[in-house]
Amino acid sequence: MTLLDFARGPAMQIAIIIFVLGIFWRLVGVWALRQKKDLSEPRQKGAWIGGIKGLFVHAWPYKPFVPKVGTQYIVGYIIHLGLFIVLIFGTPHMLFFADIVGFTWWTLPGGVITAVSVITLVALFVALAKRLVNPVQRLISNFDDYAAWFLTTAPFVTGLMTKMNLWPHYETGLAIHILSVWLLLIYFPFGKLMHSFWFVVSRYTTGSRFARRGGMS
Amino acid sequence: MKEHDLTLGEELRRQGISRRSFLKFCAGVASSMAIPAAMVPAMADSLAQARRQSVIWMAYQECTGCIESLTRSFAPTVENLIFNFVSLDFQHALQAASGDRAVEALKTAMKENWGKYLVLVDGSIPLKDDGIYSVSHGQTHLESVRELAEGAAAIVSIGTCASFGGVGAARPNPTGAVGIDQIITDKPILNVPGCPPMPEVMTGVLTSFLAFGALPEVDSLKRPRAFFADTIHDRCYRRAFYDRGLFADSFDDEGARKGYCLYRLGCKGPVTHNACATLKFNGGVSWPIQSGHGCLGCSEPNFWDKESFYKPLSAGQWGSAEGIAMAAAAGVALGAASAVMSRRNQDKISGGK
Amino acid sequence: MSLKDIPVHFDPGPEPDGSAPTGMALALLQEVADHLRTVADGGERQIVELGNLPLSDGDFRLLEEKLGRGEVEATISASGRTEVFETAYTGVWWVKYFNEGDHPAAQQLEIGTVPMILEAHPDDIQASAENFSRLFDETVRNSH
């Protein structure tokens, strides 16, 4: 069995199993926690509206904070949008998903995907540099932050190398690219990458709590 | 003068073939092997100095497709003369003699050229049950190849079967078939995979063996780099469409008619090393992708067993859905368990309040 | 019902669009320019192989158009045809090798004073000299 066969077969199956197991573990583990007790009547109804609002309000910093954290947000958006575009509109990636969902969709030319990948990669390095340079950020960063950064960056680097055929051996390079994604998938549920699930939950929770104005313990 | 004593140059001149023909032939070979064209005159000269080479061609567990393809290389040109110049001492599909007489000819050729003859092999070799599943003239092919290899200068495995086991070794591989290099490890071996292999590769390999006295440089799978260094995708005339994101989605849609890239239809070009994208088959007439079908990856090991020929390369190989369902169930259980523990912890902290 | 009763309509569809230039032709012209410089400075003969490059019909058209035709044209009959012509740029030769049956075997741009296929090989001249003296002897003998 070649490395590529391993990456496309057993490695993928193991990674997906660990991913699914981890995601359910984390989701159920948190949702099955005891809910906070209601200690007083809420002063206004429809806290859920505040929750939904929270999803959008927190998508951009509070105005006075913009000069301080605006760049951080922009870099974050570039990384996330780039990730999304490359993942969904790169032809080989689309075909991977098409194999699961059973239908295909429109994709972007290879050159555009390459350009987006390069931009995303630059943004990832900017984010890392900020983390290392800013003393506060560096102080509160732990292994998890760096692992998440590395595992997100690796597929971009290996993917670009595959696309540009920079590997000494194309098949092995492709296999390494695929394996780097499985590594990301395996780590995903157990670290901060889980924020892609939690961000909705936490923003909603914050939004609805603020809107509720009742007493809770 | 005895025929054996003539050099290839002398032999050809006797037949009225000029050195221009030689040069032209070498230009063709150099072109296909990416040998720098500046080396062509030197190559022609050393080829002219070459002497008759004994070649023994063994057919083992095979379908004769390889030799069908390779005889297409013996076009009526200098190539023909080169192959006449090679002393093909045994090839059971082509030679006139048969039965005991053919085997005698083989034994004689081996004895006379011990240590110097070139062995060409097509077909895989079954290992299971002492190789009893493939036998010629009362001898298993396993014994035969070992015996022949002992006195060989080098071995060339022709086709995917001889190189990697091929269809004989496809799941479930009932005969335990393997490629030659898994049996013979102490001789120079060159693999020329392909189903069928390219005739030009054979011409190139034989020519460089005659001209330079050695097998050409090979890659990690023992394939001559000159022909197998690039992937089909690298040299595909439809590559521009891949780069522009223009694909055929079915074998008869607009994209297919316009000759768009066949990646989505399962083309294995990006992971297949072979030379047919530029050399083409049948004397340059066409090749699979030009005919509108994706590459099957026939020059790569185990190409039969890599799931569907029509599944895009980037699609994964799925295990069972049960595995994933079980993972989900286990995840839920673990989640519930950790929640229970967390609740207990909460109770402990708050002192049961 | 026989097979003939089934109406078969053959639709070849529009021609595949493999004729657009790919950019490879421009890269090639650049290479030829470099080689021409080398040869002009007294360097050895340079050869650019066209046969093993993925050139489209459009690339070939572009090359032919840019390089043009020069003063010399020759056909060699040795194991099939070989066509040689000088391009509009002196010293840049286009050489097309064909197998018997006119199958293209190789195609090269040769940069130098004269393409190697046109030159007579010393060994052939040697053989020719031997044959020629024999011819001379025979002619003399027959005239007496």
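As written, the chain order gives the labels A, B and C, with residue 1 at the start of each chain.
In this text, a residue touches a chain if its C-beta (ideal position, glycine included) is under 8 Å from a C-beta of that chain, and two chains touch if they have at least 3 such contacts.
Here the structure is a predicted model, which means the values were calculated and not measured.
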Maximum centroid distance from subunit B, chain identifier (CA atoms): A
Most central chain, Cα average position: B
Subunit B and subunit C: spacing of chain centres that average the CA atoms, whole Å: 30
Between subunit C and subunit A, distance of the C-alpha-averaged centres to the nearest whole Å: 57
Intercentroid distance (Cα basis), subunit B paired with subunit A, Å: 43
Residues of subunit B touching subunit A in the complex: 220, 231, 234, 242-245, 247, 249, 263-264, 270-271, 301-302, 306, 311-319, 323-324, 326-332, 334-336, 338-340, 342-343, 346
Residue ranges of subunit B touching subunit C (in the complex, touch as defined): 9, 13, 17-21, 23-25, 27-28, 30-32, 34, 36-38, 40-41, 48, 75-78, 235-237, 239-240, 257-259, 277-279, 283-284
Residue ranges of subunit C touching subunit B (in the complex, touch as defined): 13-14, 16-18, 20, 22, 44-49, 51-54, 56, 76, 78-80, 82, 95, 97, 99-101, 103-108, 110, 116-117, 121, 123-124, 127
Of all residues in subunit A, those that touch subunit B in their complex: 2, 4-5, 8-10, 12-13, 16-18, 20-34, 91-93, 95-96, 98-100, 104, 107-112, 165, 169-171, 174
